[in-house]
Each structure stands twice: as C-alpha cells, then as structure tokens.
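Common to both upcoming complexes is chain A, partnered first by chain B, then by chain C.
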Partner chain A sequence: MKSAAAAFIMLALFAGQACLQESAEAAPTVYNKAYIQHDETWSGEIRLIGQNVVKRGCTLTILPGTIIKFPWIDEDKNNIGDGELTIEGRIIAKGTKDKPIVFTSAQPKPKMKDWTFVQIAMSRNSIVEYCKFEYAFTGLQVHYSTGTIKDNLFKNNFEGMRFSTTDVLIEHNDFIDNDFGIRCEALGSRTTIRNNLFRGNGQTFFPVRNTWNTVKIYDNNILDSREYAVNFGLSQKQDIDFTNNWWGTADASAIEALIYDKSKDDTLGKADFIPFLKEPVKDCGIE
Partner chain B sequence: MNKYLVFALAAFFMVLPSAALAGTAPKPDSWTGFEGRVVCDSQVFQGARVYVYKSFKDMLADKPTAVSAPTKEDGSWKMDCPPGTYYLAAKQLAKAPATGAPAAGNSGEVLGYDGPLSVGDYFCFQGSNPITAVRGKYTHVGFALVKYAASVSYSDSSDKDNGTLTGTVTWSGQPLKGAIVTLYMDDKDNFRGQGYSASPPTGKDGKFDMEFLPDTDYFLIARKRQNGKKAGPLKEGDYFGYYVANPVHVKAGKVATVDFGVISKAGEIGREDSLFRDTGTHITGRILDDKGRPVKGVYAFAYVEKVMAHKRPEFISRPADKSGVYVLNISKGGTYYIGARSRYGGTPSFGEWYGCYEGAGDHHVNIKTGQVLKGIDIPVEKIPQ
Partner chain C sequence: MRRNFTLFILTAIFSAVMSMPAFACVGKTLIIGAVNRPDMNTMSQMLSILINERTGTTVISKSFNSFPALMDAMKNGKIDIMLDYSGRCYIDVLGNKPESSAQKVFAAVKEVYQREKNQIWLPPFGFSEKGVITGNCGATPAVAAPVLRRSTLEKFPALPRVLEKLAGKINNATITRLSNESRHGNVKEITRKFLKENRLI
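Showing the complex of A and B:
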C-alpha cells in the first residue's frame, strides 16, 4: 500500500512537473525595452515591447520556427508601433524553408506600421535567412554593417528593407506588397541585390540620395510596381546601374515609364536599365 | 520610436587643417587675416563664403577686396588679408549673378562671385564691423547666417505723406519678444547709437510698427538686451540683427513690411565660437577604440531626440585630444543621446570611426543645468566593409 501510494505521488509530481514545463514552453518570453548585454538564443515565441537593443559585442541567435511578435504601443503618438529590435552586435537568424523565423505584429488585426523595425547597425557578418517580416514600418534596416540577407519574405511592410553604408548580399528574397521595396542611401556601399523577386510594391526601389554605382542590382524580377519600379529621391543626383533585370516586359519604353529619374526630372541622376533581360530570371526569389 | 537610419544621416565634422585662401602660405611672422566659423540656427554651415570689403560703401556695391573659399564641413574658413580695417559679411548665394565681374582674392585668383541677395540666400553682417586685421595673427570672426526669407512688401497706407515700416522680428523662426528696431540713415556711426528712430520693444508676436517716416532709405538694426536696457554693448545671450536686405526704402503712402530674422550674439571677435563656448553644463569622457585605447580627433555629438537622423546634432564637441578626451558644452539640462564619429556632414562612410554611448540601450544621458557629467566614455569602431 505504501509503495502504491508512493508511486501515485511520484506519478502526480511527474505529471505536474510535465504540465508546468509544457505551460512554460507555451508562454512567450517578453522583453520590455530591454538592453541585452550578453549572448542569447531565442526560440518559441518572443514578444518585444518598445525599443530592445542587443549590445555591441553580443550575439543574438534565433532558432528556426521562432516567432517574434511586437505588441502595439505608440508612446510618441505618431501612429507607428514602437516595437523595435536593434542589433548593435551580431544576429544569426537562420530559419529554414519549413520553419521560418517570423517577425510580425501582435495585433489581432495586423496592419502595416504596427511595429518599427529590425535594425542591424555596426555589425559584422550578420546572417538573416528564411525569415518573414510583415506589418512593420521597415522589415529590416541595415546600416554600417556586413552580412547576408537571403531567402527572406518581406511582405506588407511600409518599407521592405532600408540600408545605408553597408556591404551586404541581398539575394533570393521575396519583396511582396510593400509600399517601398528597398529604400537606400547607399554612399559607397558594395551591397549586391540579385535574384530577388519584387512583386506588387508601391515603389520597388527608392534611392533617396547618395546611392552610387557601387551597388550592384541585377538578375532580379521586378514586377507589378504600383507606382514606379524605380523612383529617384530629389537628392539622388548620381546614376545607378539597373541593367540586366527583368521588368515584366521587353518593351524599353514601357520600362522607362516605370522609372522616375533624369528622363522625367533633369536634376536627377539616371537609372541605366539598358540592356535589360528579355524574359524572367528563373531562379529568383526564395529558394 | 526610431524609424530612422538610426545612426545615420546626421552629421559630424572634422576640422580640416586651415588653408590659406590662395597663393603661397605666408611666413608665420607675417600672418595677417581672418578666420572663424559660419553657423546657421546653431549648426555649422558648409558652403558659405566670407566677403571682405574695404568700406561699407563697397559692401553695398558688392565690390569685395577678397572672398574666402567656401566654408568647410565644419563651417570653418580662413583667409589672408593685408593689415587694415575691413567690413566683413558672410553669404551663401544660391546662384552666381549672371553678369558681373568675379570677385578676386588677395592673390588675384578668382574665388567667388558677389552680388545682390535673392530670396532664399543666406547672409550675415558682422555686428562688430569694421574689423581690423593685425599682423602676426588671424583675427577670429564668427558669423551666424540668417535666411533672406522674403523681400520687402509694400501695401497702400492712409498716410499719403509719410511712410510706415512694419514687420516681425524672429529668432530661429520664432517671434522674438522685446526686440528694438533702430533705423539708421547711414553707416556713419557703424550702426551704433540712437540712430534716426527706434521702435518700442516688440510684443510676444515679434511685431513692430514705425509711422511718420520720411520717404527714404533706412538701415534696419534689431537688438534685444537680456538686461532689458535700451543702450549699451551687446553681451553673450543678447540678440542682434542687421536686416539682410538693407537698406530698406520706406515710401510715402506705403506700408513697408519686412521679415526680420536676428541672431543670438554669442561671442565677440577673438573669442570662442558659439558652438564651443563654455556653458557650464558639460558632458565629458573619452572616445575609445575596441581595445580601450584613446582615439584622437573624433567628435562627440548630442541629440535631444532619440532619433539620431535626418538632421544635425544639437551639440558637438571639439575633436577629442590625444587622450581621447572630449567635452560637449550643452546649453541646458535635459536628456541627450550621445555618440561620436569622425566627420560632420552626410551619411557615415566606410572606415570612419563611429559609435554611441553604451550606458543605456538608447544611448541617452540625463544632465542638469550647470552639471558636469563625467565619465561618459564612447566606444567607437571603424565602419566595417
């Protein structure tokens, strides 16, 4: 009898512990305006409230299948959610095709600008692969950094990506239904943008100013831009090489109509798009 | 909320080695000329030129005897001038006059054009004019530009025999209360003294009105003394303005309306630039590389907004010394966001030193007016590529 009772108690304790573990795993980990000053690995569901910063010298690793949600707060009342993840150290966010990492709104009815951005700044060799960015002001901003941005989906953001002085590879990503696909002020950036699929963005490329020909943009499929495929900012005075991309048509005049540059405003630089591809690139977008 | 190129965009400056205006560099014992910095709305101003005239009459006629090279990223300028007394003005002309001879520097090299201001140009008449260049030194002259926002407008007046002058005195785009506008008929007293007439102090809307004026040209000078007095030398913190489109023709039967921007007087000739003057409220520390070694020549900056982008910082330091020490002079207490970089102006470039204070995730410090906040070290790295 005693042994039966002991076995029951043990079973109950074990069951209770298992239950606790299960509930602990299910509960999201919450960071509220955190300053993360050591290496961390994230998995499961993460909730980021306000500005959260990974300190210089620290590495944030995010495992496949992790979901990062940004609850709505708007302390500065600008109608853009304050949720933000800034990495001043290094980020290794490597999802898989079956288990992508998701950065998204925590709102029941999510919409564009529900959160601010994921930002990589002064980082070396950061990796962002098989991630999904949606409902942000900017899905991903990269400044003063090196790294790889590959096989990601940027959808329903105000800006898919934004970058400034960077040396990153942006390839095999899907940019879908953002107001701006990629916005940049690239200076001498040697960023390469290739084999990406752009579809349904308001303005697919928006070089605001000071983007030079050191940026390489080729072998992309650029389709169905709602306003312009390329829209030079008022201070974009330099020419930019857009040759060897597929614009959804093989008609040069139709492509030119998609581009706002020197051809429409003599004070702007020129988007060189000739030669252009006569058919879609086959291995564009997420692999 | 940071929807910005967070570290981006704003700007930082590097004081470049000063260069003689033109020609071969003079020997130290024969140095004579002027140097200084040009600012606008408390920010350094790149691309302006300093014009040197032998007389006020030459200034009105746009006939300089020398013109500086454009101010550098940090607003600095320097030029040689023979010993003598001159009138100095700083300008940024959006467009060079279509006609007219180029102004010549002291070497005879064509250095820049002078000409009448157009709306949208920037101008500053140095309130200490005339200024003397002394052998053996470069006399320091600071300028604070004011934008020529609008030309004088005229409307009909019920007083057909006299003219009326009205307008708004502004500082940094805001109406300035308590300013007195004085009219001078000429430059005989270098725009000092009582002048022909003076307005009552402006109200909180910055407006002034002067009636029963004879139909003629007037030079408009605005002053506001913090001590409330109507006379006496201007001091730190007082306001001064020389109307950018002087002289103004006041017409009988008309109301002449002017938009009169003034500057905050921040230092006499030879004293520190307003950007670097000792305010008594300091943030100081060292700028260090990733091995903790001091980095010389990098500039610290402070923003009042967390968004360190799209505009220049509110406060900047002189370059860090060989020990990496910097001093940021802050006008008043508050919360400031602190960083450092090699240059001033434009987006940071590859290889440039850059970093932010790491005592808080958003890089902020809190300081009280009159406080000296020490130990605010800023780690910097070169932007990787």
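Showing the complex of A and C:
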C-alpha cells in the first residue's frame, strides 16, 4: 500500500514535470496586426508582428515571466522595426522581481529600434510593474492616460520612455544606456518622476516642447549622461523644475554643463536645478 | 454623463494632437540626401545630428553619386531635404549664364525652385562651392544651402527654425577643415563636436 502510494506520487510528480516542460517549450502565441476586442490574459511567449491594438474597453493582463517578442519587419523602410503594441483600453502588466515581463526584439542579434513601442493611449489606471523594455524605438509611450509605471528596466532603447499629457507616476525604474532616457511633450501633464535611477543615457531628459512645470521631477539619481542630463528641445520655452535631484556631483557649474537650456540658447526655457542634492538618493531604481 | 463628455473631449484632443506634425514624428523618419563628396557628407551628418537633437525627429542620411540622381530622388519624394549649390543650379539646371552676384543667383534659384518645383531654399550655410572644389560654374559664386520639399515643410514645420541656426555659420575655411578632418576621422564625432562648440546642440 505504502509503495503504491509512493509510486503514485512519483508518477504525479513526473507527469507534472512533463506538463511544465511541455508548457515551457510550447510554441509562442502569435498576433499579426491584431485588433484585440475582448479581455485577454497573456503568459508564456508572445510574438507580436506589426501594429497590434488592444481596443478601448478591453483589459490586457500580462502574467509574470511572460516574454513578448517583436519579429523584425520594416514595411515603410525607415530602419525602425514596425512591431508595436498599442493599448487603447487598459494594461495590467505586473511582473515580479524574479519573474519580470520582458518586451524585446526577436532578432538573434538584437539592436536598438528593432521594434517601435508599447503605447498606452487614452487609458485609465494602467499598471506597468517589473517589466523590462529593450531594443525598442521607445520602450513605453504614454499619452492622455493615468497609471503607474514602477520598478521597470528600460535598457538599450532609442528612447526609454516618452509621454505627453498624462497623469502617471513614474517611480523606482532603471533607465540605462538609452539614447534618450525620457522624452516628453507634456502640455499640462501632472506626471511625477521620482526615485528613478538614470545611468549612461545619451540625453537623460528631453523635453521637446511645451512641457509645463506641472511635471514633478525630484529625488532621482541622474548619472553618466553621455551628452546632456537635460536637453531642452527647440520649442521648450517654459521653465521646468529639476530641483532636488542627485546629478553625480555637488558642483553647481559641473551640473550646469550637463544641461542645455536658456544658459546655452536664450530662446529656450530654464531648467531650475538649484537646490540640488549633495549625495545620491538611497532608495532609487528598481526595488 | 459628465464622464462621457470628458472622454469625448479627451478623444477629440487626442485625435487632433495625433494628427499634428510633431506627433507625425513618432517613429517617423526624415531623409536627407546629399551627393557623395566630403563637404556634402559633412553637412549631411551635421544636419542629421542637429535636427535629431533639437527636435527629436529620427533622421537618415542618404548618399548619391551625382546631382541628377539627387534631384531625381527629391522630385520623386524619396528624400525630404537635399543639399545643393545655388550656382550649380543656376547654370546646370536653369540654364543661365555665369553671374557675379551671389545674392542675385540665390534669389533667382530660390524663386524658380519654389514656383516650378515646389522646393524651398533655406538660407545658405556660408560657404561656396569654389571654396571646396572646382566646379563648372565659371565666375558664379555658388553658395551651399539646404533645400526642402514643400510637403516636408508641411510635415515638419519646425525645420526651417532648426536649419536656420546654421545659416552663415560655416565659411569656406570651416567647411574645408571639417571635410579634411572627416576624411581621416569619424564624421559624426567631428560634426557633433563642431555643433557643441558653437552651442548649437
């Protein structure tokens, strides 16, 4: 009896393992220029070809450990992969520290701009946590939406994030080695950017135009920008508050050298960075 | 009711903004064309960096073997901006005789291109063809300048403001130096350094 029970348990374990193995090796689910018109939950490996849209009223839930890959196609021949995911409804992408959700290129040798972006547009209360965005034109774009962007890694993208008029909390993310860390055209946006780690980005903050002082940017560690830590675009005439951030130095003139604003082109607004933090923020980046 | 109204307003704003030129830059690309020679390659890279860093627009530089091929690409919408010389166009394209006044040549070329080709000449960079190579323009001083298709201007209305920052900034000595440096070095790094030194980026 005892040995029969043990055999049964062994068999059950073996079957379970076989199932897991089968699931791990399962063929990826492919969406090809899809319009998703009902609630969906994604897990395993997903492949997104071309422009894919989650329509208004629908919620896309992505489970921890899901890998979303964008195969290379470039129909408009602009050297930017066409793969994209646009959320017009709501996205709940909550990975975990051990099982992040990954948005990446499907190329064997991936590079920046292999795919276009994940875009959240006209969405309410979207959540993006513990996700990794890499090799995109823009990892994540948020327009006219509310939500939380927390504990994510944006690495090796042309732009880590871009947002326009939004009310989102961007906190505890790592922005590493992107050409542009965060780009914004944030007319009236109430976005808050705090406790993030920025390292090795070409231009860390790129307010292109019309970004108002309603955007709050504080308690971030902004390090090793390859060109500028802040680069005001041609039409950024408004001043922006960048006070209380750590810039990797406590020397005001060294910080000023990292900023392209009114001090270098008097048609532009001013990046107010004084007072600045005299030492790194301790709880910055992914928690 | 109130929520529906707010949603309607937001949808209207979003639709309007998405159709605006700046949003047209999302993932879109501007293509600059230039004939494959050191001065034009240098300027093409310089424009590419300047436009990208001041407006965020992605820019591709394309090289052509001849001016006719370049003009063909411009005419057929394969490129958005080209770099050309007013004197060359005055004589080779418009069939005029050499003219000693650079201003007169530029004004004439600009007027005909705008009227007949829907192409807009922006203010010259500040160097002449004679300062770089020996052309077939006779006594006509031939200034280099960016030329835009009218449709490009409609898609990217901020372009003239960006490109005019280079107007008159690059004289013969400067373009000769930059072109020579570019022959032996990384043209992107050399032009970026120039733009940075001049506080243009």
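Things worth noting here:
Keep in mind that, in the parts below, the second predicted complex is superposed on the first by the 263 of 287 C-alpha atoms of A that agree within 3 Å, B and C clash if a C-alpha of one lies under 4 Å from a C-alpha of the other, contacts with A are read in each partner's own complex, and residues count from 1 in each chain.
What we mean here is this: a contact is a pair of C-beta atoms (placed from the backbone, for glycine too) under 8 Å apart; a residue touches a chain by one contact, two chains touch by 3 or more.
Fair warning: this is a prediction, and the values are worked out from it, not measured in the lab.
When both complexes are superposed on chain A, chain B and chain C occupy overlapping space and clash. Of the two partner chains placed around the shared chain by superposition, chain B is the only one that A:51 touches, whereas chain C remains out of contact. Contact with chain B, but none with chain C, is seen for A:34 once the two complexes are overlaid on the shared chain. Of the two partner chains placed around the shared chain by superposition, neither chain B nor chain C is touched by A:133. Touch criterion met: A:164 reaches chain B and chain C at once. After overlaying the two complexes on the shared chain, residue contacts for A:276 are found with neither chain B nor chain C. Once the two complexes are overlaid on the shared chain, A:231 sits against chain C while remaining clear of chain B.
Between chain B and chain C, B contacts the larger number of chain A residues.
In the superposed pair of complexes, A:247 makes contact with neither chain B nor chain C.
Once chain A of one complex is fitted onto chain A of the other, the partner contacts of A:154 are absent, as it touches neither chain B nor chain C.
Looking at the shared chain after the overlay, A:75 reaches chain B, while chain C stays out of its contact range. Listed for chain B are the stretches 61-69, 97-105, 277-285 or 349-357, of which 349-357 clashes with chain C, judged after superposition on chain A.
Touching of chain A by both chain B and chain C, each in its own complex, is seen for residues 78, 80, 84, 116-117, 121-122, 137-138, 141, 143-144, 162, 164-165, 185. Chain A meets chain C in the complex at residues 78-80, 84, 116-117, 121-122, 137-138, 141, 143-144, 158, 162, 164-165, 180, 183, 185, 203, 206, 208-209, 227, 231, 233-235, 260, 264-265. Within the complex, the chain C residues that touch chain A are 10-11, 13-14, 17, 22, 26-29, 53-56, 58, 60, 158, 161-162, 199, 201. Listing the residues of chain B that touch chain A in their complex gives 1-3, 5-9, 306, 346-350, 354-356, 358, 360-362, 379, 381, 383-385. Contact residues of chain A toward chain B in the complex are 33-35, 51-53, 55-56, 74-76, 78, 80, 82, 84, 86, 88, 116-117, 119, 121-124, 137-138, 141, 143-146, 162, 164-165, 167, 185, 187-188, 190, 210.
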